[in-house]
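Across the two complexes that follow, chain A remains constant while its partner is chain B and subsequently chain C.
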Partner chain A sequence: MGYQINQDKMNAILTELSKKYKIYGPRRYVGDGTFAHVDTIRYGEVTTLDDIEFKEKSNYSFKEVLLPISETLFYFTENEMKEADAPHSGAIVFLRSCDLHGLKRMDTIYLKNGAVDTYYKRLRDNTKFILMGCEDSFENCFCVSMGTNQSDDYDAYLKIDGQNVLIDSHWDLLDTALAEMPEIQVIPDAVSQNKTVVEIPEAIPQSVIDSPFWEDYANRCIACGRCNFVCPTCTCFTMQDIFYTDNGKAGERRRVWASCHVDGYTDMAGGHAFRDNKGQRMRFKVMHKINDYKKRFGTQMCIGCGRCDDVCPEYISFSNCINKLNTLVKEEN
Partner chain B sequence: MLDLNTKKIKKNAYRVTKVRGETASRIRVPGGLLTADILPIIQNIAETYGNGRIHLTTRQGFEIPGIRYEDMDAVNALLQPIIDKLDINQEIPGKGYTAAGTRNVSACIGSNVCPFANYNTTDFAKKMEKEIFPNDLHFKVAFTGCANDCIKARMQDFGIIGMTEPQYEKERCVNCQACVKACKKKSVDALTVENYRIVRNTEKCVGCGECVINCPTRAWTRSTEKYYRLVIMGRTGKRNPRLAEDFLVWTTEDVIIKIINNTYKFVENYIDRSAPGGKEHIGYIIDRAGFSEFKKWALDGVDLGDKTIVKGPVYWSGLHYD
Partner chain C sequence: MTDINPYIPFLSEIKEVIKHTDIEYTFRMTYSGNVNPGQFFEVSLPKFGEAPISVSGIGKDTVDLTIRRVGKVTDEIFENYVGDTLFLRGPYGNGFDIQNYLDKEILLVAGGTGLSPVKGLVDYFSANPKDTKGFTLLVGFKSPKDILFKNDFAKWEDNLNVIMTVDTPDDGYCGKCGMVTQYIPDIPIKNIENAVGIVVGPPMMMKCTIAELIKIGFKEENLWISQERKMCCGIGKCGHCKIDDTYVCLDGPVFNYTKGKFLRD
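What follows is the complex of A and B.
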């Protein structure tokens, strides 16, 4: 159902909802960027609509709400252990269409890929998603190429319209809160074209593994992992078992984001690493995003948010890599 | 027949050159940043009244040689839009730059452009210009964005080196150790890993910000407060060239401005009035009066705050030729 409501009343509804849900949205963290006087837009708790950055793309995705960067899974001492409490028991997340498609990728990996991940599930189950529209494409976005520019499986769509807020609700709790408001038709803003267009190669031959194509990236990539950390579809983690220093008999197990570009990702006992070469790390990531995942789950993994291109300090473009790979595959066929 | 007061000429930012009859106009650019529309004005002066050449000075100015002394008034008129655009403290409008002892406040390119800079060096330099110009006393002040010290702040009477106090949000850390590697290889090796998380040795840390720059997850961020290392009394010269030594570490903008203003009072009190041209470098005055006496004057009425480390007594080394 579509509604129109003024911002003050909507903020009052958010305040009411915040009693039951933690509300997360893209926030501007002033001066928090890599360089002096540079802001970061990343996910954090919000209390009013003013806290949410609607105008710019967030540098980091929403994924840390459901998959904390560092999450204690359980505490242990001697013969006992206790599962850690969940960071939240219910959440509302403001996000754009591309990220909402990213959520499906996370669900696939953590809920539909063999055993259900209980730590993910307990955060995911009671989380509602509010779509933020995109009137214009941002730099490096290629959502149209990936088919992620539109979404209809949101719990609500929200748009700031001057002093008013336009809402399309698919959520009964919100419908109840908005019952007195005038009903209007609200259609989410979505872009229909991006400046960046990618064409994903069909049927990439196995021989591409050994192609000199990746050597360029071997020289350019610095293995910082930023492309992975900003990506809403990168879901790898590693484990850390900690023994508290004052008491070696007690400790905790954490899971922490991992990156296939960062040193150590493929390290084995004895010191062997499968992909020392950074070009091979790029190959692994690219093939996973546009080939391997699809073979396994039927949809493309990459959602075209372009954050990897936004963030790479060495100006490596993932979208350009796909297009160059496409040309290469066509030539070889 | 030329009949000139060379002292007045020098105070008007003209040089008495080796070429009889010719002077050179000196254009100060505080903080080293100017808009491109100033360059054609400089070009015009050089081509109309100079010899068509422009020298780039070490303190971030332009020097236009080959100007006839009798053209100084005409050149001053052409300089006015530059002085206005650069927001120079000018004594008499239309009469050109005022110059004397205190040298152009220079700055590295800073956070407008450089990824390593911890603050806007140009803005601070311009603020300092407003505080101390014009002044007859020989002071050299320079601002540099980080400990790399590209402006050579350690060759100044007052060098201001940008610092940030790294803020660590451990829950955002993935233990990639990019910060540890950067600190070890590019800075002072102040970071260690304990239970997969980073421990910063606050005694060693120089506040360069390499950990912040290299962190891929925003676990490391900059402090809201900007901090500075104030290094003092570096110098070149004939007798005892030396690098500036640390005076204050983790200090703030207000403190630095107050200390430099206080130092002018100290110099007024202790300067050797018989020094050639009435000019004596501050460092030599401190050598004579003693560091503790300088410190007493410099810190008069200064609220250092909780974080500032005061070094002292400060001893300088360098080369002694006297």
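What follows is the complex of A and C.
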């Protein structure tokens, strides 16, 4: 159902919802960016619509709401183990269409690939998603190429329209809160073209692994893993045990975000490792995003948000890589 | 919500410790439940972490885990196991399906600790020799002091054709020497078209052995391998063991060679 409401009333509704839900959205952190006088936009708790950065793309995705950077799985004391409490009992997340598609990629890994992940599910089941539209494409976005520029799989859509807010609700709780408001038709803003266009190669032959193509990246990539950490579809983690210095018998097991670009990702006990060459790490990631995941699950993994291109300190462009790979595959066929 | 938390390990009692070498012990652990040879458990040590260890033997209400002391977790297991318990999660992975090998000639080639994941198969065919048309176990170790499962070999030799070799002999060793591959051509196989080969060991040993088996006429679809990778979860989430569209923890670690040959890290 579509509604029009003024911002003050919507903020009052958010305040009411915040009693049950933690509300997360992209926030501007002034001066917190990599360089002096540069802001960063990342997810944080919001209380009013003014807290949310609607005009720019967030540097980081929403994924940390469901998959915290460091998440305690359980606490242990001698032979007792206690499952850690959830960081929140319910959440509302403001996000864009590409990220909403990213959510489906996370669901696939954490709910369908092997056993159901207890920690993901308990957060996911109690999280509502509010779509933020995109009137214009941002720099490096290629959502149209990836088919993620539109989504109707939201709990609500929300757009700031001057002093008013336009809402399309698929959520009964919100419908109840908005019951007195004038109903109008609200269609989410979505871009229909991006400046960046990618063409994904069909049927990439396995021989591409040995192509000198990846050597370029071997020299440029510094294995910092930033591309993985900003990516809403990167979901790998590493286990980490810690124990308390005051009591060596007690501690906790955590999982922390992992990156397939960073050293140590494949290290086994005894010292053997795979993909020492950083170009091969790039190959591993690229093939996962645009080939391997699809082979296993039927949809492309990459959602075309372009954050990896935005963040790379070596100016490596993922979208460029896909297009160059496409040319290479065509030439070889 | 009735889903069981797959990350919380259970306590298992150490029934027996069998010392093979200074750095390789078999821990006989209490476990009742279905388990296949070649599957693995995450051995979980609070404060130190977890290590994926394959099942090297299956008994009534026990599983054997042969652990090599090579890392942070396994060091701690060796230091502090005394008369105690270990936490486990699992079993994970597919393991070897006995059905694939019944009533066939079998050549099993193992290198070093690679014998652990296939030991359950050797035990099975040693106890049920009628289920195979001929079973050869070809095993290589680095040196005589690295030999694992010494006591089992005597038993296996009763029913199976066993060839053991070491890379570097020491004084007093009077068995076979050299790489496993050099013994392959002499192994009597009546019907190579239908014979199955199982190869587990270090990557280079597996590569050379497979090449040799194909050379003497084994069919690719009759060859089986088991892979080893870093794994933090064992349940398809952490991503460390992924190779192309394959998760070694879910789809493996045992692969038919027709699939296994395409796995490139």
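Methods note: the second predicted complex is superposed on the first by the 333 of 333 C-alpha atoms of A that agree within 3 Å, B and C clash if a C-alpha of one lies under 4 Å from a C-alpha of the other, contacts with A are read in each partner's own complex, and residues count from 1 in each chain.
Everything below uses one rule, namely that a residue touches a chain if its C-beta (ideal position, glycine included) is under 8 Å from a C-beta of that chain, and two chains touch if they have at least 3 such contacts.
The structure displayed is predicted, hence computed values, not measured ones.
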Scan A:95 for contacts with chain B and chain C and give back first, second, both or neither. neither
In the overlay, work out which of chain B or chain C sits against more residues of chain A. C
Classify the contacts of A:52 with the two partner chains as first (chain B alone), second (chain C alone), both, or neither. neither
For A:266, decide between first (touching chain B), second (touching chain C), both and neither. second
With both complexes overlaid on chain A, does A:257 touch chain B (first), chain C (second), both or neither? first
One more residue to check, A:144. First (chain B), second (chain C), both or neither? neither
Which holds for A:69: it touches chain B only (first), chain C only (second), both, or neither? first
Mind working out whether A:181 is in touch with chain B, chain C, both or neither, as first, second, both or neither? neither
Those residues of chain A which chain B touches in one complex and chain C touches in the other: 240, 242-243, 258
List the residues on chain A that touch chain B in their complex, please. 29, 31-32, 34-37, 40, 42, 60, 68-70, 224-226, 229, 240, 242-243, 245, 254, 256-259, 262-263
Which positions of chain A touch chain C when the two form their complex? 73-74, 76, 79, 81, 83, 109-110, 113-119, 121-122, 206, 209, 235-243, 248, 251, 253, 255, 258, 260, 265-272, 274-275, 284, 287-288, 291-293, 295-296
Considering only the defined contacts, which chain B positions touch chain A in the complex? 111, 115, 117-120, 145, 162, 164, 170-176, 178, 194-196, 209, 212-219, 221-222, 224
Which chain C residues qualify as touching chain A in the complex? 1, 3-9, 11, 45-51, 68, 70-74, 85, 203, 228-230, 232-233, 235-240, 242, 244-245, 247, 249-250, 262, 264-265
